[in-house]
C-alpha cells in the first residue's frame, strides 16, 4: 500500500497509558488540528493508538510514518509533542535527540513476530484495521472452504502446542473433543493470566483482540462448539474493554452470532470476568469458576474435552495459542513449523523482566538460546551487574544458572534442567537477588493462592513457607534443606492439581543450584546477597558520608541522626531495615551486609 | 447496610441483569460490588431469599475470590502490584512507605477515616514498568517510595 | 463389566465403578478421609492415592473410574511414604488432644495416625486457632479439628438439600462455616456429625456422656414420625450416650433433628415414676396395687351400671403394635366394647 | 385412610420408601414432607437430584417448593377442584389408561361426565392456581412412567377430607398409575406407629388386620381365639368420644399414651368433655394436660424401655428393643394392661412381646409370615402371608383386594368455616420440624426445643403491614371458639389473608381455635381451615380491635 499518508502511532497498552500515552495522543491530535496544511492532506493524516510493541520500558513510544518512512521516538511526554510536529512533520527533520536508540532496534531484530506481528502496528479498537492486515481471512477460509477435519489436520501438522504452560498439542486436543458426540460443546479462551511476571496475554488482547476471536471461531468450528467464553482477569480493565469492543464489532459484521458469514455455522462468545484467584488458570477450576462456583479444581479424568463446562465437552486454549491459529491457517502449517525445533514448533512470547536493560515482551522462535535472549534482545544486565540466574515459568517454574545460558529455550530443554516454559515469564536476577528470598516469594504467592481443597497443597505449601520464613529470618535449622526437598517432592507427587504439583518447583530448583546460599543462611546466618532483612545490618560509612541529609529524610523510623555536612550515624536499634537510606544515598555511604 | 426502598430498587435492577447471566453467582456478586463498592451482607440475604440460593454459597464464593470485598473500602484505592518483576524491583519498600504514610497498622488495609484503602495484587501485567502502583484506576509505573508518598499527600488534600 | 487387576487380584466390576469401590469389592481397604459412598467423590485428602500402570503419577482411587485392563497397586513404599507425609501434614494442623476428645476411639484420623505410627511431627507449625465458638444449641463445631474433608458440606447440600454451611476463604485459611460465620442455623439433622471423620462435629448433648468404653449398642426404631428410621442407641449405665444409624437401613443411615437429638425426655425428672391417684382435686402417689385396684373397681362398676359402651379407650400411635393389640383386646374382650380408637386422624 | 381403603380395599402407602427415589414425577399434595417426614423428604430430594420432576401443591411455600419444578399454590380447602381440573385436562388430552380402566376399575363413564365442568379456567377461579400450571401438572403426571402421589394431613384434615382422598385415588386410577414399582398413591402416616395402631385394630369398627367387627364370621374367629363373646356393635371414633362424654353417654375412659387435651380441635370443648367423665384413667410417661384431668395416672415406659414392633408408614414391621430400664416404678404399657386385665378376671399371660405378635400373626393373614426372627436385622413389609414370603414393597401388583376399584364422583364442598368480615383470616395448623405432636417428647429445657422454643404464627408481611404488626410482636388471635396470645413471625411462606400455627405449643395451643367440623366418613376434624381474627395487644393488655 503505497501512500503519501502521514501516520502517527502512539503506544497505548497498559504500559503506554501509564507513561502518559493518552495525553501524548491528544497532544498530537490537537497539534495536527492546529497545523496549517490543506484539508485534503489533513484527511490523509491519521493519529491513532496502537497496542504494546514490547518495549514498554521506553514508553511512551511513538512511531511517525511519513511516506512509508518510519521513525520511532522513545520516552515521549506531552510537552515534547509540539517540537516533533514542528520539526519532523512540518520541517521533515526528525528530532534526533529523542529517537529510539540502537538497542531499541536490536531489541526487535532477533525477534520473530507471529502472534505479536500486528500488535503495535494496528489500532486494536478498529476492526477495519484488523481487516487491513488480512484479518478474518483465515476464518472465512475455514468456514467456506475447509471441513472440520481439514482444520484439525492443519493445526496438527503445524505442531502447535498449548502456550499456557503444559504444552499439550493443540490439534490433538481439538481432535479428541471434535470426536466426542454431543450437541453442545464449548470452547474457552483462558485469559486468566495469573503468573506474577507474565503479561503476554494481556498485551495480545490489548494489542490485537480480533486475532484471539478469530482463533476461537476457527477452533469452535473445528470441534463443533456453538458457544465460547473468554475467561479474563478483572485486573486487566483495558484488555476487557478492548475485547468487549472487538466482540461487538465482530458481531456487527456477522463474524459472530447466527449463521456466520451466511454459512451454516453459528457461534457466539461471552466474556466472563475472573474475580481474583490464580488457581482458576487451572482448567477444571476455570470451568467451575465460569459456572459461578468456588474455583476449586477437580480430579482428572474425566478431562474437559469429555466433560467440561456444565458437563459438556470443552476445549480450553490459552490466548497466545488461539492468536497463533489465524496465522497457521493463512500461511499454512509448514510455514509455522519452519520456526522452532523438532518438538517445539513456532514462536513463543516471553515476558522478559528483572535486571536486564530492555525489559518487555518478546517473541522468539522456539529453540533460541537463553544467552541471545538476555544479551542480544535484553541488552545485557542492567547497571552492569553480574548475571546470577533467570527464573522461568513463574511460581511453577525454576531457575537457570549462568553455566546453562547456552541452553535452547523450548519445552523439552527447559524441563530437562528443572524449569519450564510455562506461561512465559522470564525474570532475570543479578547478584543482589537472594535465591532463598526469591523461592520464598514464589511460595508465598502459591500458598496464598492455594484453593485449600487438597491437603498437600493447603498445608504443605504453608509448611514449606514456614521453613523458608525461618531460614530467611536466620532461624533455620540443620536439616531444613533436606526437609524442604522431601516435603517439596511429596507435595509435587500427591497434590490434586497443577498448582500444588508445581508449587515446590522454585524451592527445589533454587536448592539444586544454590544450595550454598541456603547453607549460608542457616549455618552462618548470613544472606550473601544482603536481601534478607533479619540477616543484614545497615551502617553509615563515615569516610564516605557527606552529611547531605537525604537518608535522614528518607528514613521512616528516624533512625539516622547527624548534623548537616557532617557524617551521620544510624541507630541499629531503631532501624527497620527498609533500605530507603541505601536507595537514596548518592555516595555509597550506606553499607548493607 | 440497611435495605431501604431505594436500595431495593437497585437490587431489583441487579436481579433483572442477573437473569441474563445464566444464574452465575460470581456475576451477581460482581454486579453487587460494582454498585456498592463491596458486598453488603444484607444484599446477600436479599438475593438468597429471592433466588433460593443458600447464603452459604454466596459467602463461600465471596470469600474465595480475592477481588470480592466484604467490607466497605476507602474513597481512594491504591493498588500495589506484588508480581515477580515488581518484587525484585523493590515493591515491598514502596508498599511499606505507603503504609507508613497512611498510618496503617499490621493487617489493616483501610484508614480509619475511610479515605484510603491500600491493597496488594498478584500481578497487573505491567512488569516492564515495575514497580507498579495503581491509584484510583490510573497506572503509575516505576514507582518509588517518594513518588508514591507525594501522590498520597496530594490526594489527602 | 470391566476387567481390572488390583494388587494382583483379577476382578471384573461394573462400568462407572471407582477404583476405590473396585478395591473394596476385592476386600482391599484403601485409607481415605474425604470419601463417603453416598456423596460425590471429592479427591481432597489425597490418602487414597494409588498407582496405575501407564499413568506417571499417583491418582486418587475415589475419583478415578476403572477402565478395561487397568492394573492398580494400592500399596507401595512410595505410596505409603506419600500417605504418611499427608497424614503428618493434617496432624500438624490439628489439636493434639485425643485424650479429651469426644471422638476418641471412633475417629478415622486417630485410627490412621495410629496405624501410620505418627508420633513426632516434622512439620509442626502454625495451627488454625478460632476464638469464636458456634453458639447453636445442638451441634458442637470445633473447627480447629476440622480437616476440610468437605463431607459435611456435601451431605448438607447433596443429601439434606439445605446447604447451611460451605467452605469459606481458601488455602490454609479455608474454613467450613455458616454464612458470615454466624451461629449455625439449620435443620439440625445431624447428618454432618454422622459423616465427620474427626472430632470437629459432635452432638453437644453427648459431651462427657462417655466414649467407646462400656458402651452397649441397641438397635431400635425412632419414636417420632412414620418414616420408621432405624436407630442405634449407644447406652452406658442406663443412659443414652448418643444416637446413630447404620448405613444399610431403609433410612440409609440418615436421621432428622428429632431422631438424632430428641431423647432428653427419657431422663427427664418430670417422668412419671409412680402411679398417681387424685384425691380431693390433688394427686397423691400410690402403689400399683392400690391404683390398679381402683381402676379395676371403677371400670367394673361403670360397666355394670351403664353398660360396656359407656366406657371408651384411646390407644396410642406411639406405643408398640403389641401394646395396641393388647389394648384393643382389653377393650373388646374384657370391657366388651368396640369403643376403641387412636389418634390416626390427627 | 378410610377414603383410600374404600376405593382400593386398603388404605396404606402403596409403595415403599426406597422406591421414592426412582419416581420420575412426584406429585406432593398437602404434605410438608421435609418437616413432617424428614427422611422421606430426603428420598424426594434424592429423586429430584436423579432428575425426577417434582410437583408441589400446597397453599404454603413449604421448603419442598425450593426443590420443585412446579408449585401449585391452591387456596386451602380447594384440593378437589384442583385435582378435578387436572383430571379434566388428562381426559381432554386423551392421556388416560384405557386398558387399566377397563380391566381394573368400574364407574368411569359416570365419572367422566362429572369432570366436564371442571375446566382449568374454572379451577383457576376457585383455587387461584393459574390454568396453565394446572395443564402443566396434568401433562407431567399423566405422561410420567413412574409417578408417585404423596399426601398427608393437608389432604385429610378437612370436613371433606375423604372427598380429597377419593379425588387422588381417581387420578391414579384413570392414568393407571398404580400397582407398579415406584408408581402409586402414598399417604404418609404422621406418627411412628399409626400404621401399627390401625393394623392392630385400635379402630372402632375393625379388629386387627382390618377385619370388620360387624361380620359374624370374623367376630366368631376372634371370639374363638380370645375365648370370649364380643360386641357386634361398631364403636365410636375418638372425636365422637368427646361429644359422647359431653352428652353423658360415655362415663369412663381409659387413655393410653394420648393427649387429646392438646391435640384435638377446639380443646376447650375437649377439656370440658373429659372433665365431665365419672372416671378417667391415663397411662403415660409424663403428666400431660390430659393426665392432669385424670382420676388415676399410671406411669408407663417409653419406647427405649421396652420390646415390641413399630410398623412404619410403608407397612414395614420393625423391631423395637429395650435399651434402658424405665424410671422408678414405671412399667411397660403391655404389663399394665395385662395386670389390669387379670384384675378384671381375664388373665392375659404372655411371656414376651413375641408371643403377642405370634397371636396377631395367627389372626391376620397379612402378617402370618412375619416372626421376630425374620425381622431381627431388617423389617418386613406386609402383606407377608408365609414364612417364605419376602414381604410386599408395593401393593396391587396383580389387582385390588376388592377386585375392581370404583371411581367415585365427588363434588367440591367449601370448607365449613371460611373467613368473613368478623374473622378475616384463614388459619391452618400443622407441624414444625423441631417439634413433635403435643410436645411431650421434645420438652422445655431440651436443646432441640430451644431451636424453636417459642410459639409463633406465620403471617404474610403484607398483612403485617396492614395490621401494623412487626415480627416478634405478640398478638391475640381469636376464632369463634377461643383465643390465644402468640408472637408473629413475618413469613412469605403464607399467602396474604392466611396464617399458619404449629400446634405443638401448649402455652399458645392452636387447637383452642380450630374447628371440630368432621369429615362425615373418616371423622377427621377440619384442622386445616378455620376463620380467625388478629388483634394487637395494647399496653394495658387489652386487645385493640383492628
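The letters A, B, C and D name the chains in turn, as written, and every chain counts its residues from 1.
Basically, contacts are C-beta pairs under 8 Å (C-beta built on N, C-alpha and C of every residue); 3 or more make two chains touch, one makes a residue touch a chain.
Please read all numbers here as calculations on a predicted model, not as lab measurements.
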- [ ] Select, from A-C and C-D, the pair of chains that is joined by more C-beta pairs in contact.
- [x] C-D
Task: Closest chain to the centre of mass proxy, which here is the mean CA position - done: C
Open item on the list: Between subunit B and subunit D, what distance separates the C-alpha centroids? Give it in angstrom.
Closed with: 55
Open item on the list: As a quick test, compute the distance in whole Å between the mean CA positions of subunit A and subunit C.
Closed with: 52
Open item on the list: Between subunit C and subunit D, what distance separates the C-alpha centroids? Give it in angstrom.
Closed with: 28
- [ ] Report the inter-chain centroid distance for subunit A and subunit D in whole angstrom, where each centroid is the mean of the CA atoms.
- [x] 68
Open item on the list: Where in subunit B do residues touch at least two different other chains?
Closed with: 57, 60, 64
Open item on the list: Quick check: what residues of subunit C touch more than one other chain, meaning two or more?
Closed with: 166-167, 169-170
Task: Contacts with 2+ other chains: residues of subunit D - done: 66
- [ ] Could you list each pair of chains that touch one another?
- [x] A-B, A-C, B-C, C-D
Open item on the list: Under the definition above, what is the set of subunit C residues touching subunit A in their complex?
Closed with: 41-46, 49, 57-60, 63-65, 78, 81-82, 85-86, 89-90, 92-93, 122-123, 125-126, 147-148, 150, 166-167, 169-174
TODO: Would you pull the subunit C residues touching subunit D in the complex into a rising list?
DONE: 136-138, 158-161, 187-189, 204-205, 216, 218-230, 233, 235, 238-240, 249-252, 254-259, 261-268, 270-278, 283, 288, 291-296, 298-300, 302, 305-306, 308-346
Task: Of all residues in subunit A, those that touch subunit C in their complex - done: 277, 279, 294, 298-299, 301, 447-456, 458-463, 466, 483, 486-487, 490, 493-496, 501
Task: subunit B-facing residues of subunit A, complex - done: 14-15, 17-19, 55-57, 59, 193-199, 201-203, 233-237, 272-278, 289-295, 351, 353-355, 359-361, 391, 394, 425, 427, 429, 433, 438, 441-442, 445, 449, 451, 554, 556, 578-580, 583
Open item on the list: Could you list, by residue number, the parts of subunit B that touch subunit C in their complex?
Closed with: 41, 44, 54-60, 63-64
